[in-house]
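What follows is a structure written as structure tokens; I'll ask about it next.
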Amino acid sequence: MYTLLTSLDPSSIPSSLTPPKVIVFSSANPSFWIGHYDINLILPNGTSLSANETTALFEKNVAVARALGTLPTIFIAEINGRTTGSGGEFLLQCDMAFAGPDAVLGSMEGAVGGLQGNGGIQYLVRRVGMARAAEYLLQATSIGAQEAAEVGWVNRAFESEDRLREGVDEIVYRLSLLPAGGLNGTKSAIRANGPSVEQADADVATILRLFPDEIGYLPRLIELSENQTAGEFELGALRDIKDVERLHGVE
Amino acid sequence: MYTLLTSLDPSSIPSSLTPPKVIVFSSANPSFWIGHYDINLILPNGTSLSANETTALFEKNVAVARALGTLPTIFIAEINGRTTGSGGEFLLQCDMAFAGPDAVLGSMEGAVGGLQGNGGIQYLVRRVGMARAAEYLLQATSIGAQEAAEVGWVNRAFESEDRLREGVDEIVYRLSLLPAGGLNGTKSAIRANGPSVEQADADVATILRLFPDEIGYLPRLIELSENQTAGEFELGALRDIKDVERLHGVE
Amino acid sequence: MYTLLTSLDPSSIPSSLTPPKVIVFSSANPSFWIGHYDINLILPNGTSLSANETTALFEKNVAVARALGTLPTIFIAEINGRTTGSGGEFLLQCDMAFAGPDAVLGSMEGAVGGLQGNGGIQYLVRRVGMARAAEYLLQATSIGAQEAAEVGWVNRAFESEDRLREGVDEIVYRLSLLPAGGLNGTKSAIRANGPSVEQADADVATILRLFPDEIGYLPRLIELSENQTAGEFELGALRDIKDVERLHGVE
């Protein structure tokens, strides 16, 4: 993703070429659009990466989020599976999002004592307001496509996967006909309402401050999710209070 | 309320204790959640308080509003009665609000030439947008639970008082299981989108500037409401234009 | 419009008079509320105006937008026809907007490589959020009253022109009874959430930067719209992809 987005920076594109007007992020996996981070990558001793490599990975994550907001290309999320954790942040940082009937959107960071980072909280506040962002993020829960469309988490929900694909295709075709200058200028003017770099940095700093507390909860999350395989727990996306109880040893 | 909130400040809590994760504000009065200020308290000669005591009361009101935004505890408004005037401001300053079928939300300040203060306007703008905040606040009117949920004034409306209680209890139980660090960090990141202290101060300054004009309207409000008893006028919450006409001598 | 709004400035009103509390912008033309700019006025050689006169016209447009936000009078848009281009910006800069069944709201600037200016984008973001503003503005499309009310582009949609008129009249009558001080103070506090002058200036600068690119598309727009007469193309308000295809020579 980092490589893809870096390649879209106008300064890295030969002047004889132009960056794409639109990119759609879709998923061939019917259960997941983009899931959460591989928890082993952030657990001490959970990975063979060096500390420097882990830091570099984290910094790329930050760079990806900023690129989605600042690149002239329009980014559309076409989702019909789960988006939780980093996947949920990524969706919110796209310019638009459209959902099919099997979309599940949420955050799980709060369940292990962390928080959505690097713009995730701030963009959700801009889509659904402070009070509804509090309701969803503090509970670390997930919702379906219909509710997501009603509150504005996604632009709209389609009744079938085929209609989702057609709807996004219509938008992409229309954008493809329009001059790049107006698209870029409009995107920039809209994005001026995004979170400041200072606020995104402050949220990242809170994440890093809380991370030592989180470490204690992560092994249980790995255990319950059978090391993050697509079983009952992982697919449940913490919608069921029983899964929160199991995570926190109240059964 | 001031004493309650002051007691929740982590700096005033012994390090062996932790502040509560969640506080729910409910009301045992079926007609009112929190109503407006006692108008006698703000009328010159309407009270036996000294000028210093009145100022202190006002400053505590400002401190309460700020505490709701800055304390780590999550504040939930569970309302099934009227919230007007200061009560309406208080609701908006909570982190979330859930309504039962008998909830009535509104502002009455505009009807006597004043305005919602100290964050009330600013938080309503963040929940319902500028144009709808203008519609409700300029008219000094009140709305029911269903409309409040549709526009985002409350998080959601429940069809009965029992379902309201169950719904809030489920949220509180879920939050009680989750680590305090993530709850606090998420609340702080969301609240960074609240009004600035400068804006809240500016609104308070406008209120104080307008107050001499308001004084002329308040005796009629006291008269119509039979000194603020829960009769027809007070329960009407200015929804009926006839009550506005009576207040302004157009009958 | 500039003369009207200038006349409402309290500093230009004799102290024995007061500015009106409310002004409603309605249209006697059943097809249009306010349409787009006369394109001939902005085309080089399309007008007999001198460069200085064109600049003055443009600056008045900017001044009109700012006056709607800063004057104490409450501005209500009562629309039941098309509002595109500058008309669409004007609507967004009013304090409230109410729509009848024949209202069509949109932007067409993006279709010719430009963007909504001088607050239009910024106010739409505040009404419908960043993602929905992106969806509508990037596509340079238009929507009907019902969808506009659901997403918050207008305050509400009425089922008939008569009900629209009655609904707005009720609001105007209610506001007419209320003290001017509270109306003005509330409007100011709400408008503090509008775009900064710096952001509006930045959008205007982008428009001026893009304008040379736009010039190439405008003659085709004039041709398709039969010089902006109320025919099929103009009334379509770019809702049909076929009109975008015709504009960009893909047929």
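Letters are used for the chains, namely A, B and C, taken in the order the chains are written, and counting of residues starts over at 1 for each.
What we mean here is this: a contact is a pair of C-beta atoms (placed from the backbone, for glycine too) under 8 Å apart; a residue touches a chain by one contact, two chains touch by 3 or more.
Since this is a predicted model, take the numbers as computed values, not measurements.
Interface note: chain A and chain C, two copies of one sequence, contact each other through mostly non-matching residue numbers (shared numbers fall below half of all numbers used).
Bringing chain B onto chain C by least-squares fit of CA atoms involves turning it by 120°, to the nearest 5. Averaged C-alpha coordinates give centres for chain A and chain C that are 34 Å from one another. Among the residues of chain B, none is found touching two or more other chains.
The part of chain B that touches chain C in the complex is made up of residues 109-116, 121-122, 125, 129-135, 137-141, 151, 199, 202-203, 206-207, 209-210, 213-214, 217, 241, 244-245, 248, 250.
Interface of chain C with chain B (complex): residues 74, 95-97, 123, 126-127, 152, 154-155, 170-171, 173-175, 177-179, 181-183, 185-194.
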